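Each of the two complexes below includes chain A, the first together with chain B, the second together with chain C.
Coming up: the complex of A and B.
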């Protein structure tokens, strides 16, 4: 329990560090500059819309082999044979594709344009652990009252390895658009999934390449999801 | 004041062997920085700095040639009186014995169950590529005054060819 608490605290410290960096970057882009007309114009032109992004702290893994093709008994035997591997891969995925890496990957994109929203201030929030809140609540998850407001929530990091199809990373996302002025809105749910070839690494030397691949595939998955959304 | 950015490479060596046979999930281990990490001529993280890592998960070898595996993560470094976050995750899988298992299975059947793979082992002194997990503010050490020109008439020994970079004072 103590160990769990310490690793949770470390994860939260990492998250807050990554998020404070994001917040600082955000602040720098919106805080008033020296009194020049150009700077004043730039401040005046700062987007009034807000896009709040919630990364996830989840990580799941599912490895299935040939046995799963032999009915229920085969599936049970398969799950039992891969139990250790699934727990280990999930723990590794949680660390490798944690909130800090998700924020880092998403910061490199023009999120508002990808989600077909007007130009927005992007604010990275602390992850919410309760799935009932992230996947079901139709209200705003932040305290912001901005009239032009949207949320992007990452709800799943799932690594799968299947006998025929190989390895893949699947992510689920939710977009909530509050530009209609209502206090509750629909949840636009979707997913993205793409293949992996290096993750999870077999040796310590492969770790760097595997994490780079994980980040790239996460980005690809997000863009795949964003491509399915329609502009409002 | 300067700042060493997040993600700066910090090569660290494992202080003792880690194996899927002997290590358990949650165990902590020591790592040692093997190269000075410098910025602007100032050593921010000196060689020999001790840090820690944690075993994320281990699965030991098993029957039918199954290999063991070990997952580890780097956690922190103790620089002076300050503990800073260290980033990096690694996985090592032992060698499986699938070929031998298949051959044995076709010749003597279930006796193949006695064939085991290797444990996942990370040897002592293996150098891993860690990274700083947070920015480190430090006060740059004052520049070392240049030595006066060497007088050939004096018996003083000449200065070393390269002066070591000066140590930094980390700011907590």
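Coming up: the complex of A and C.
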């Protein structure tokens, strides 16, 4: 267990170092990125629509082993055996797939197109911890009054490891489309989940690959969710 | 799993269990949001204690949800402990930058000024302390010679993501009754906060901490001053609320999110451009940091 803890610590340190170069200030970017070299032209071409993205601070981990199939006694034994691993995974996942990484992953996509929205300025917002706000409020969560406005909220970030099904990352998302002009709108909820093969890394050398895999699977999960949305 | 420095309150509750002056175990952490009109006046005076909850700027943690399995309790403890260690480490540059800045006195002054603006409170005698733990609320209640007692805890904290500095006041009025005043009833418990939010914050905690800490913590000092200033104004506003006013908030159509809270807007612009006060289980002030 000590070895496992030290490998997590090393991995977290490596990711922390990787993040040190990633100054991800919350600046608006257009989606898709303008191809012009002239700033004025870029400003003129900035879409009127806005897509505000709220990443999550969440990083949950659930690890279950073979004993989970043996009733309450097995479950107790299994939970006890995996306690430290769950904590380690949760702490590592929280660090590895925190808001900075989510933003990094989502910035690489044409979010508006994926969500079947018109070309939009994408604005990354500060994560909101209170789930009563992120999963229930039908109103706008930013101060923007743009008439063409939508929100994408990441509401779950769950790593699981199961004895039979292996490792996976599951995410839940919400899209709120305010183009109807109303102050409250429906919450279009959905999820995406895909398998992992590298996460969590066992050594520091594996951390970079595991981090990339997490980001790729997060992207895949988002696109899986986005694929279920219908154009309005 | 918000763990906003409630250590003082937890310690008070622990002491309550062992305090022979109190027959039962009143829960000081729960109470009505508003004070009934009949309980306001205190012609014979009301002993009030103000305690500054933060000997230095507090580091708060947020661990999010934890899977509700059989090991959840120990996981929460372990994750919280890890997060607290990380938060205490991350905030170090800011604490160093604020080393010669006496925010405790300012916090105390803000609380005193706020209470002085409540016409019916009659805070006599008024006791203050700037060291949490040096004096316990239950000891104060036990020795108070007035039928009702006021407790104020005030502090200032850096948010878990370092995107905002929050000043917070917990306002409580309790009634002593029974033989020797051994039965304590919470008449009102309110949480009032004021938040100063970084413009275009980073998703990397240490980068936000660096912005607050630059130039001997210039931005943080300004934020703490402004947050405490707004808190001073919100304390009397909060204590003036009654059930009708709180119910009326729910009918407002202007609702907003600020500092992670969401609720009806009580006022806009009072504390400067871009500022607002919302109702979210208490008055929550939000304003942009002045860069």
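The rule is simple: the second predicted complex is superposed on the first by the 187 of 232 C-alpha atoms of A that agree within 3 Å, B and C clash if a C-alpha of one lies under 4 Å from a C-alpha of the other, contacts with A are read in each partner's own complex, and residues count from 1 in each chain.
Keep this in mind: a contact is a pair of C-beta atoms (placed from the backbone, for glycine too) under 8 Å apart; a residue touches a chain by one contact, two chains touch by 3 or more.
All figures in this text were calculated on a predicted structure; none of them were measured in a lab.
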After the superposition on A, what does A:96 contact: first (chain B), second (chain C), both or neither? first
So, does A:204 touch the first partner chain B, the second partner chain C, both, or neither? first
With both complexes superposed on chain A, which partner does A:119 reach: first (chain B), second (chain C), both or neither? neither
Partner chain(s) touched by A:108 [first = chain B, second = chain C, both, neither]: neither
Which partner does A:137 contact after superposing on A: first (chain B), second (chain C), both, neither? second
Partner chain(s) touched by A:163 [first = chain B, second = chain C, both, neither]: neither
Regarding the shared-chain residue A:57, is it in contact with chain B (first), chain C (second), both, or neither? second
The answer to whether chain B or chain C touches more of chain A is C
Where chain B and chain C land on the same part of chain A: residues 87, 91
Listed in rising order, chain B residues that touch chain A in their complex are 6, 26, 54, 56-59, 69, 71, 73, 75-76, 85, 87-93, 122, 126, 128-129, 133-134
Inside the complex, what are the residues of chain A that reach chain B? 3, 7, 10, 13-14, 17, 21, 84-85, 87-88, 91-92, 95-96, 200-204, 207-208, 211
Provide the residue numbers of chain C that touch chain A in the complex, in ascending order. 2, 62-67, 69-71, 74-75, 78-79, 82, 160-161, 163, 197, 200-204, 207, 253, 255-257, 260-262, 274
Contacting residues of chain A [partner chain C, same complex]: 19-20, 22-27, 55-62, 75-76, 79-80, 82-83, 86-87, 90-91, 94, 98-100, 103, 124, 126-133, 137, 139-143, 158, 183
